[in-house]
Amino acid sequence: MLLKVAILGGSGYTGGELIRLLLNHSQVKITAITSERSAGKPVYLLFPNLRISDRFEHVDVKKLVEKADLFFLCLPHKTSQDVVYQLYKAGKKVIDLSADYRIKDPSVYEEWYKTPHLYPALLKKAVYGLPELYRKKIKNARIIANPGCYPTSAILGIAPAMKNPAVDIDSIIVDSKSGVSGAGRNPDLPFMFSEANESVKAYAVTTHRHTPEIEQELSFISKKDVKVNFTPHLIPMDRGILSTIYVKLKNRKQFTPALLSEAGRALDGSQLNELYQKFYAKEPFVRVLKSGKYPNTKAVKGTNFCDIAVFFDKRKNSLIIVSAIDNLLKGASGQAVQNMNIMYGFEETEGLKPFAPYP
Amino acid sequence: MLLKVAILGGSGYTGGELIRLLLNHSQVKITAITSERSAGKPVYLLFPNLRISDRFEHVDVKKLVEKADLFFLCLPHKTSQDVVYQLYKAGKKVIDLSADYRIKDPSVYEEWYKTPHLYPALLKKAVYGLPELYRKKIKNARIIANPGCYPTSAILGIAPAMKNPAVDIDSIIVDSKSGVSGAGRNPDLPFMFSEANESVKAYAVTTHRHTPEIEQELSFISKKDVKVNFTPHLIPMDRGILSTIYVKLKNRKQFTPALLSEAGRALDGSQLNELYQKFYAKEPFVRVLKSGKYPNTKAVKGTNFCDIAVFFDKRKNSLIIVSAIDNLLKGASGQAVQNMNIMYGFEETEGLKPFAPYP
Amino acid sequence: MLLKVAILGGSGYTGGELIRLLLNHSQVKITAITSERSAGKPVYLLFPNLRISDRFEHVDVKKLVEKADLFFLCLPHKTSQDVVYQLYKAGKKVIDLSADYRIKDPSVYEEWYKTPHLYPALLKKAVYGLPELYRKKIKNARIIANPGCYPTSAILGIAPAMKNPAVDIDSIIVDSKSGVSGAGRNPDLPFMFSEANESVKAYAVTTHRHTPEIEQELSFISKKDVKVNFTPHLIPMDRGILSTIYVKLKNRKQFTPALLSEAGRALDGSQLNELYQKFYAKEPFVRVLKSGKYPNTKAVKGTNFCDIAVFFDKRKNSLIIVSAIDNLLKGASGQAVQNMNIMYGFEETEGLKPFAPYP
Amino acid sequence: MLLKVAILGGSGYTGGELIRLLLNHSQVKITAITSERSAGKPVYLLFPNLRISDRFEHVDVKKLVEKADLFFLCLPHKTSQDVVYQLYKAGKKVIDLSADYRIKDPSVYEEWYKTPHLYPALLKKAVYGLPELYRKKIKNARIIANPGCYPTSAILGIAPAMKNPAVDIDSIIVDSKSGVSGAGRNPDLPFMFSEANESVKAYAVTTHRHTPEIEQELSFISKKDVKVNFTPHLIPMDRGILSTIYVKLKNRKQFTPALLSEAGRALDGSQLNELYQKFYAKEPFVRVLKSGKYPNTKAVKGTNFCDIAVFFDKRKNSLIIVSAIDNLLKGASGQAVQNMNIMYGFEETEGLKPFAPYP
């Protein structure tokens, strides 16, 4: 019997990709797709790639709980807080693609999102849906806080190095480049073709809301209080995120012999690649490239892959890590499906297997 | 048991898409991929989307015939002539993506391709692989001449109207716009990013080799000698072809009552759409859009679909037909897989089913 | 003494380009720039390329007439009607970039623009601002109806052939491809980067408002009632229009000896190019390319040039003409400045001389 | 009397832009343009934007010295070494756009360029052509080493902060994003439209040759040995470089009162912007944006401007500086013309004044 799933807030790009992936999935059946703005309209009007007869309906949680067992939420931040709560109360499972249940500390959430979190108790039940770090917890979770696109690329890029004592955890800089679909689907001047095309710019410098999310997870891994510089950039392409991550290594001279031995592997380029290869050896969606190869977003476009390359800068005694994902897939909807697969015991790659077109 | 297939000339964009589609296909097994230029190299070096361990090998027909039952040929025009012949002699089936077996009249082939056809007898055995017109013949064919990208978009666009006596068959104009992948993968100045980007141009005006292919098929349908204006254009995008087709209708006053009755349906917009809807009603890969909707190449990107819209210009008593395909799929490799499915009795949509990403 | 000019409706792309060109112009001084939406804001906020201290002001015609002698109007269609009237009454000169004074026949205007023309008498005073056809009239005009972008590319492309008796004037088809800036600067879903990028589509098939404008001018030239097929397309690039124009020639057999002699030159490719070369020999902004060369929009980007190439299709006895312009310059603001130069006896190329960047 | 200038190696993008700028310049006359590959061909064949009758000629230094007084060299690295020497010996002035005379230390040159420098004595005569740092020396120079594109964006971005004792000079990271024209004009697979479009990638991580150039200049300013992390990226657009620069500040607690007072201004956001504003107050081509505004490459496309914004990250006690240039203008040919203007006492903005198109 197929799992009944509903998609709430299905008219944006992550919604559209979710619908697509779930239609391609052998174990599920979409029973409802909501959109306040487009209620009543056929889905194919907004997604010409999806020639299906379904129509968007209004978000009516009471009605919806009858229809499905698992709910994907692509609702705006803040709105999601309460809908998750209601669905949880009704005994349903939720994969929330908003940021509302990602930040564990309600005060940090309030500081960055400028609104209080009304369900701090529920926050504790939510699992941060990055399978490479939390696969076991995801298996048993009832609420998944699906990670942000930038944090996915950043955390996967740094995680393998994070526990190495040679890493100067105060030095981490994440410089990310994103395609325009990351800005959503609401018409707005800066994202018009004639404005965004043939241009690159940084935005939200020092203030982007994905910063505390990256910091939280790196802090969990390292068990220290990690703060990072995170700078997002807008790139003239449809989809894809490339994150270039700079990590300083501590000065060898400061090391005790024990530390030197323990940390040794990260101080040398060849072992570095091996460290990453091993860390992700069993991961179906992380590909650590061979030494000297460069990730590019075109290679992961349309896929759930995260491609990673690591470089050791001998002159600066630092690491440069480059990671590439499709912001709408491993950075959003693909990861959501991966989480569902883990939660329900489906094959983890189900619905995410087909090779993607090139170019 | 899986069908063994080989891909000859697999390092270009159509080759790469063929490999991808065949990897996604449940009934086949790729047993060889050749590339003279890249022999010995792993496939993923040229196609970062395909993380497979296969390597390109040299084209050695004698050796290859042992390996597979069906051969996809993505070889240059002229080269294909002889390879098809050898494979045919060896009892193999061939889907030839070159132009070598598309033109039935060897003198027309020689006129446009500036080289004689050395196997005119074999030409007669080859079936033009446009399923919407030749599905039955394809079923029993041993050689498929897989249609060109522009001809596919043009012929599917005009075919339903072609037999209507109201159509002035001397008036047909096909104005096509193609993404840059249509120019192939060989480095050449006009197709460098900085040259092709932010620009549109016409090329090969009055001389493009797809002209006789369009004319041949329209002549077969109408049983008259059809000549067309065909003008291709280069557009700054990766993939997709949009063809805008102009067809003049005869003056009603010239019609006999019988003709008026027979031709009536094409003279009026609402019946026109219906005519197209009916013509393609059972086709899995042709979507005739609702009245007033416009095809765009983004809606068919990554799919084997051909989207078609028809407009009646009352002021000019003419039809304007717009068709959109992905040049590498319905215009090449997708159609090749569709042909294989028909030849071998697989479900016609097998390997071509997944919905494609958007945007 | 510098000519005082004002720009009304200066916050869109044609407004911005006008400001730029006029700032680069040695004979004029901008005394006012209006924008209802952005009144009070500094100009550079909307045009980061223009680091000037001017601010947008409200359209207050009574106040504005004191400020300038020549007014450029980039106002919406319909709004322009009355503003032109008021400025004219106040003794000012106007270059109107809207469509309001282009169509000479008020009933045709009403049919296509769905609103009556309230100043039919003034319509007669307005001169269609295409210098290549109306230079003398422009010199003495007080109201210039600055041509549309598509009509400029179409009319310049066909004009030299139009009087040739061999041309079948019922056969003209104009297939145009435009960059996204042609759609204006108002945020709207179809023109968002993620929607318009990597896509081509036709739009407004049989209904685009530039159709009657093309027809009017071709009718004036040929002194016959000309109707055309005109189909615009949206192309993923910032700026540029390429028009591909199809013109059937009459059958030689139908010609009288006199006609054959008169029309001869247009029936043969080599003479055809010469015909065009001669027609535009003295034009500073039309470049007829050498035989076999193709216009592309990148070559005219940032310039006031119109590049034209003509091809004779012997098989179809027809002409194919390709013309390329920058939609915001020769298709709008550049042409407006050219018109101003003619009106005021400035050098015709003043402000339009600098070579443009490539690529 | 006009200054006679020659351009050696004029068929690439920087050559084309130099020709264009010099044609737009009121004080110079181009007397020769060379290109080995295109010798004999008319210039407009390679640069459709330049409809001039000049033809490329061979590089024959003996013949060329008769023709001009100032030579712009757009020759490959290494080739330039000797040509500069010969022209210098012949008493000519040279602006060398290659890297051959940028690195003052011959051993550093050899380390990064893998070839010895044959004219170390001449190296000392060459002036690094960054007007904002070396205007006086440029005035009297006979050899100008025109800066690289990435170094221009990086050095202008960091220079104002560099002398501040609060800056941790070991912490500098330059993450740069460049349009594809930066890769030159030779056809090569990675820069084909279908490969570079819809993709972002890092390249030459830890090994790019612009690294020692950035380090040399920052070391000169700070009088310390500066090493930087520099990572270039390829972005799908024609032109433009955006550099995002990360600089750590020292911990206030470590400061002596004197240092605290001296360094104070860079420790606070509002003073920081002021510091930059003052540093560049008299510069015609550097625009420090108002607090909170973001540079984007579209705003400087087609201009010689460098736009800079500075951000203070309180949480990380560090600076983030974003600078934007047009890689072919302020990053190459525009800067070369600016240097010429300084050398010859022309107005510094001559030939570089026109506002650029938008979008």
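First chain written, first letter: the chains are A, B, C and D, and each begins at residue 1.
Definition applied: a contact is a pair of C-beta atoms (placed from the backbone, for glycine too) under 8 Å apart; a residue touches a chain by one contact, two chains touch by 3 or more.
Keep in mind that what you see is a predicted model, and the values were worked out from it rather than measured.
The two copies, subunit B and subunit C, are related by a rotation of 180°, based on C-alpha atoms and rounded to the nearest 5. Chain centre most remote from that of subunit A: C (centre = mean of CA atoms).
The interface holding more C-beta pairs in contact, when C-D is weighed against A-D, is A-D. Centre-to-centre, using mean CA coordinates, subunit A is 37 Å away from subunit D.
If each chain is reduced to the centroid of its CA atoms, subunit A and subunit C end up 48 Å from each other. Between subunit C and subunit D the centroid-to-centroid distance comes to 38 Å (mean Cα coordinates, whole Å). The residues of subunit A that reach two or more other chains are 13, 179, 181, 194-195, 197-198, 236-239, 296, 298-299, 301, 359, listed in rising order. Listing the residues of subunit D that touch subunit B in their complex gives 13, 179-181, 185, 187-189, 191-198, 236-239. Across the complex, subunit A meets subunit D through its residues 171, 173, 175, 177, 179, 194-195, 197-203, 205-206, 227-229, 231, 233, 235-240, 242, 244, 246, 248, 294-299, 301, 311-316, 318, 320, 322, 324, 359. Within the complex formed with subunit D, the subunit C residues making contact are 13, 16-17, 20, 23-24, 47-51, 181, 198, 238-239, 287, 296, 298-299, 301-303, 328-329, 353-359.
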